[in-house]
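Chains here go by letter, A, B, C and D, matching the order in which they are written, and residues are numbered from 1 within each.
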C-alpha cells in the first residue's frame, strides 16, 4: 500500500467519523442533559433524509432539501418530545428503551406508508459533485470534503454554543442540577423541548447529508444508531468532546480495519480465507474497541457518570 | 380485579387448555403458535432473573438465545451429515438427542454469560446496556460470516431432534415438552425468589450499599444472576431452533434482545408470570395485526407505547391488585 | 477500657478543601461516642471513611486492633462493623421482615442458596424476628417498607444492624427527620444497645446526644477541636464559640 | 384462535364459494420493513397472472414474513397445518428459503421459488417438489463474468458482502471470468459507506469492477462510485439496476452494464402484454421481481390446467413440462428443476424522466447452473 492510498483511507475514516459525530452529538446531548436513552434517534436521521429527498425532488434544490431536513427533523423531534418523551424523563432506562423502541416501529412504518417501499432519490448538488485533486495528487470527492468541513463547523458551533451562550449555560447547569436551573427561573420543559429538537435537527442534517451519497430508505437509521451509541459510549455519555473523539476513533477503526485486517491475515492464511476472515473480524472490530474501552474505563473516555 | 396468584393459575390453565382444545379441534397451527409463545416466555423468563430481579438491563440477551440455538444447530448438523464436530484433541460427534443438546446449550451459554457478565458488570446503567449490546453484535457479525455453519443462510435441520419416549414431530407432544420446561423454570424461579439468593439479589437491585453493609458482594450476586439468566435463555434458544428446525444469525440480532425486553415489560417487570403474559400477548398481536394491515408494526408500536406510558406494572399490574398493600 | 474501633490521623482532601484533617478518635467498649459538628464540618466524609465507602488519603482505621483501612465495606461488615444510613438504604419494595432477613443472610454469609425459602429457615427467621422484637417492629413484620413511617424506617435500620451481631455500631444521624416522640423512643432504644456493642454516633440532635453520649467529639472544618464528657464539652469555650454559640 | 389473513381470490365467484377452490397456494413474502419492495413486486406480478387467467379454482393466501427466517418458518407451518395449502411460493431471500423449503418439500408440498435460488437447493439438497422459476443464485454473476470476457476485460476488481450469497456471487463471476483479479473484497453486510473500497479500486489498476451489493448497499455504492470520479467500467447482476431501485440511483447508474434473464424491452408477445397490463393495473413499470412473480403464477396455472394437484406425480410432471408463455421467451427446467434460460446483458438508459434498462446483447445462451450434476432426485 502506498502512502498516498493510506492518506486517502485516513481521510475516508475521518469523513466517516465526522458524519457519525453529527448523529452522536444529538444523542449525547440529550442523554447528558435529560438523562434519556433515545433509540428513536436513528428515526430522526431517516426523517431528515426523506424530507431532504422529497424537498429536493420537488424543487430541484439541494439547499432547500437541507433546510427541509432540518425543519422536518426538528419538528418531528419537538413533537415526539412533547407527546411522549417528556413523560419518560423520570422513568428508568428500561422504560425509555422500550418506549423509544416502539417509536422506531411507528416512524419506520409510518415513513413507508407515506413514501412507499422503494428507496428515494437524492443526489449530490451539482456544485459539489465530482472529485478534486488534493496536494500530493489524491483524487478525492469534493462532496466528501464538504462533509468533513460541515461536520467540523457543527462541532465548533456546538462547542461555542455550550461554552459561550445563555442556552449553553442552561445546558451545563441542567447537566449538573435540574433543580438549580429551575431555580434560575428557566422554563425547564421548554429548554428540554428545545434541546431535543436541536439534537433531532442534527440527526436530520446528518441524514440529509449522508442521504445524498447513500440509499434513502426505510430502516436506514438503525445501523447508524447502533454506531452512534458505540461512539458516545466510547467517548463517555453526555460529553460532546467525547462524542467527537469517539466518532473519529470509530470512523478510523472501522475504515482502516476493513482494509488492513484482510491484508494482515494474508500473511499467514491463503488469500480467499484471509479476505473473508479479515472481513469478519473487521465487522466486529468497533464492538471489540468499545468493549475494551469500557473494561478499562467503565464510563468511557470522557464520561463522568453512568 | 384478582390477586396475582389467581391470575397466574388462570394463565397456567390457559397454557394447558388452549392447545388441548386446538389438538382436539385439529388446529395444529394454534399449537405451533402456543409453542412459540412458550419458548419466547422461557427466554424472557431467563432474562427476567437478570433484569426483573437483579435490575440488569441487558440489551444483549439475544447472544445467549443464539448460542443455545447454534448449540442445537451445530450438534444436529453434524449428526445429520455424519461428520465429527472435532477430531482433536478428542473426538466430538454430533447428536440428535435433545437432553444432550440442552445440556450443551445450557453450559455454553452459561460460560458465555460468565465472561460477558464479568466484563460488563464493571460498568453500570446505560453503559451496561450498551456493552451488552456490543457483545450481542459481536456474535451477530461473527455468525453472519461463519461460513462453516451457513453464515447468514443459517443451518437447516430437517427432522426435529429426539426426546426419549416422545414423538417430538407431533406438535402437541413437543408443546408439552416445552411447557413442562417452562413450568419447571418458573417453579425454580419462584423458589429462587424466596430463597436467600433471591432475597439478596432483590436487595442488590434496590440498594446495593445496604447489601454491602451486611457483608455481601452485590456484584457477585448480580454475576450469578446473569449466568443463571443466560443459561435459561440459552436453553430457550435450543428449543426455538428445534421448533423451527432452523437456526440463523437473526437469533443474535439486537432486535431479538429488544423483543425479549418487550415481553418482560408488556407482562410486568419482575413478576413471575410477566414473561409468559408478555410473550403470549406479543405472539397473538403479531398474528392478528399481521393479518389486518401491511403496516401493522405501527399499531404494535402504538400499543407498546401505551403500555409503557400508561400501564406501569405491565398487563399483570393492570389486572391485579398487589398483595401486601399500596 | 478496651478500644474497639479507632481512627488514626484520617485525612481526606477534595481539591483545595480539606474535608478530614488528621482526625483521630476511638470508640471504647460499652460507650456511646457522639461526633457532632455544624453542617459541612465533614461528618459524612468521616463516616464514609470509617465504613469503607471512601478511601482516606492518609491515616488508618482499626477494629479490635486489626487494621481494616484497605478493606471494602463488605469485609468491614464481616469483621463486625455495622452501619446505619442517614438516608435510609432499605429495600423499599420489600417487607420489613425481608429487610431484616437480608441482614441475617449476610451475617450467616449464606446467600448462595437457591431453593429453600429463607422464611422457612428457623435460624435466619429467629434472628430476624429477635432483631425486630428489640426495636419494636415485630408487629409490622409483613408491611412493605415504603408504607412505613419515617421513624419506623429508622428503627428498621437499627434492626438490620442488630442482625449482624456487630462488634461496633456506626450510626449516621439516626434521629434525622424524627419528631420529638420518635426521637425519644429511639434514644431509649440506643441507650440499651451500648451494652451489646459500642456506638459511634454522628448526630445533629443535641438533646439525643446529651442524653446518650458518654463522650462527645466536636468536628469543625474537618478537625476535631475537642473530645470529652458531656460536661466538659458544655464547658469548653472553644466549642461554645465555634459551635454551640451558633446554635443558640 | 382463528387467524384473519389477507386472502385474495381470483374472482368474485370464488369469494362467494371459496370451497370450490381446487388449488390453495400459500405465499410467504416480505411485505414490511426495508426489503418490502421486492416482496410487493413478486406478489403483484403473481396476482396479476392469477387475475388474468380468470380462474376461480386457485386461492392464494398471502402472509408477511418481515424478512425474518423464524417468522417465515412459522408461516409455512401455518400454511400447511392450518390453511392446508397445496403449493407454497413467494420467498425473496436465500436465507429464508433455506429455512423454509427443505421442511416444506419434506412434508410433500410443492414449492415454487419466485426469487431465491441458493446453491444448496440446486445441488445435493435438491428435491423433486422444489421448482425454481427465477434462477440459481450464481446465474446472473456467471453471466456477468461471461460478459466481462466478451467486453475484453482482463483485470477485474470484485466485491460483495461477507455472507453466503456474496461468496456465491464472487464464485459465480470467477467461474466464467477468464482474466485476472485486481482485487477481491468482502464488505460488511448492510455497509453504507464504500469510500475505502473505492479508493482500493482506484489504486488497484483494474480495468473493470464487478459488484454484487443488493438493496440499499448497491444504491450507496453506485452513487459514491459515480461521485468519486473513478471511471473504470462496472458490471453487476440486475439486482442493483432494477426498476424499483434505479430511480433512487439516478444518473450514477447510466451506462452501467448488468446481467438479467428478463428485461422490460425483451421482445416477445407474453412480455409485451405483461409490461402493458402491469403498468395499467398498478401504475408503475414492472420490475425483474414482478416478472418472476408473474412467470411463477403462470407456471402454476399451466400445471393446474394439465393435472390435479392431489395427484402429486402428475402435477409434478405438469410443472416439469413448463408449458406456459414466459415473459423471458424460451423457458425450460433442467434436471434439478432450475431454469435453463438465456441471460442478457442490459445497459441502463433514461427514457424521458425514467431510468430503465435496454438489452445490448446475450451474455449466456440457454444457461443451466453448475450444481445440477450433484442433484440426485
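The criterion applied here is as follows: contacts are C-beta pairs under 8 Å (C-beta built on N, C-alpha and C of every residue); 3 or more make two chains touch, one makes a residue touch a chain.
In UniProt terms the chains read B = Leucine/isoleucine/valine transporter permease subunit; C = Sulfate/thiosulfate import ATP-binding protein CysA.
Every value quoted in this text rests on a predicted model; they were computed, and no experiment measured them.
Colleague: Of all the chains, which has the CA centre nearest the overall CA centre?
Modeller: Smallest centre-to-centre distance to the global C-alpha mean: chain B.
Colleague: Give the label of the chain whose average Cα location is farthest from that of subunit B.
Modeller: Chain C.
Colleague: Could you tell me the distance, in whole angstrom, between the mean C-alpha positions of subunit C and subunit D?
Modeller: 74
Colleague: Return the distance between the CA-based centres of subunit A and subunit B, expressed in whole Å.
Modeller: 32
Colleague: Hey, how far is the Cα centre of subunit B from the one of subunit D, in Å?
Modeller: The separation of the two C-alpha centroids amounts to 35 Å.
Colleague: By the touch rule stated above, which residues of subunit D touch at least two different other chains?
Modeller: If we look for residues of subunit D contacting two or more partner chains, we find 32-33, 36, 162, 167, 186, 188-189.
Colleague: Quick check: what residues of subunit A touch more than one other chain, meaning two or more?
Modeller: 108-109, 112, 276, 279-280, 283 - these are the residues of subunit A that touch more than one other chain.
Colleague: Scan subunit C for residues touching two or more other chains and write them down.
Modeller: none
Colleague: Viewed as a graph of touching chains, is the assembly arranged as a line, ring, star, complete set, or other?
Modeller: Its topology fits none of the listed shapes; call it other.
Colleague: With touch defined as at the top, which chains are paired up in contact here?
Modeller: A-B, A-D, B-C, B-D
Colleague: Sort out for me which residues of subunit B touch subunit C in the complex.
Modeller: 188, 191-192, 194-200, 202-203, 206-207, 209-217, 221, 224, 324-326
Colleague: Which positions of subunit B touch subunit A when the two form their complex?
Modeller: 51, 57, 59, 119-120, 122-131, 133-135, 137-138, 141-142, 144-147, 254, 258, 261-262, 265, 269, 295-298, 300-305, 308-309
Colleague: Within the complex, which stretch of subunit B touches subunit D?
Modeller: Those in contact with subunit D are residues 18, 22, 27-30, 32-33, 36, 141, 144-145, 147, 150-154, 156, 158, 171, 240, 244-246, 248, 250-251, 284, 287-288, 290-292, 294-297.
Colleague: State the interface residues of subunit A toward subunit B in the complex, per the touch definition above.
Modeller: 31, 37, 84, 87-88, 91, 93-95, 97-99, 101-106, 108-110, 112-113, 226, 229-230, 233, 237, 276, 279-280, 283-284, 287-288, 290-291, 294-295, 298-300, 303, 305-306
Colleague: Show me the residue ranges of subunit C that touch subunit B in the complex, using the header's touch definition.
Modeller: For subunit C paired with subunit B, touching residues are 51, 53, 72-75, 77-78, 82-83, 85, 89-95, 98-99, 101-103, 105-107, 109-119, 121, 124, 142-144, 146-147, 160, 163-164.
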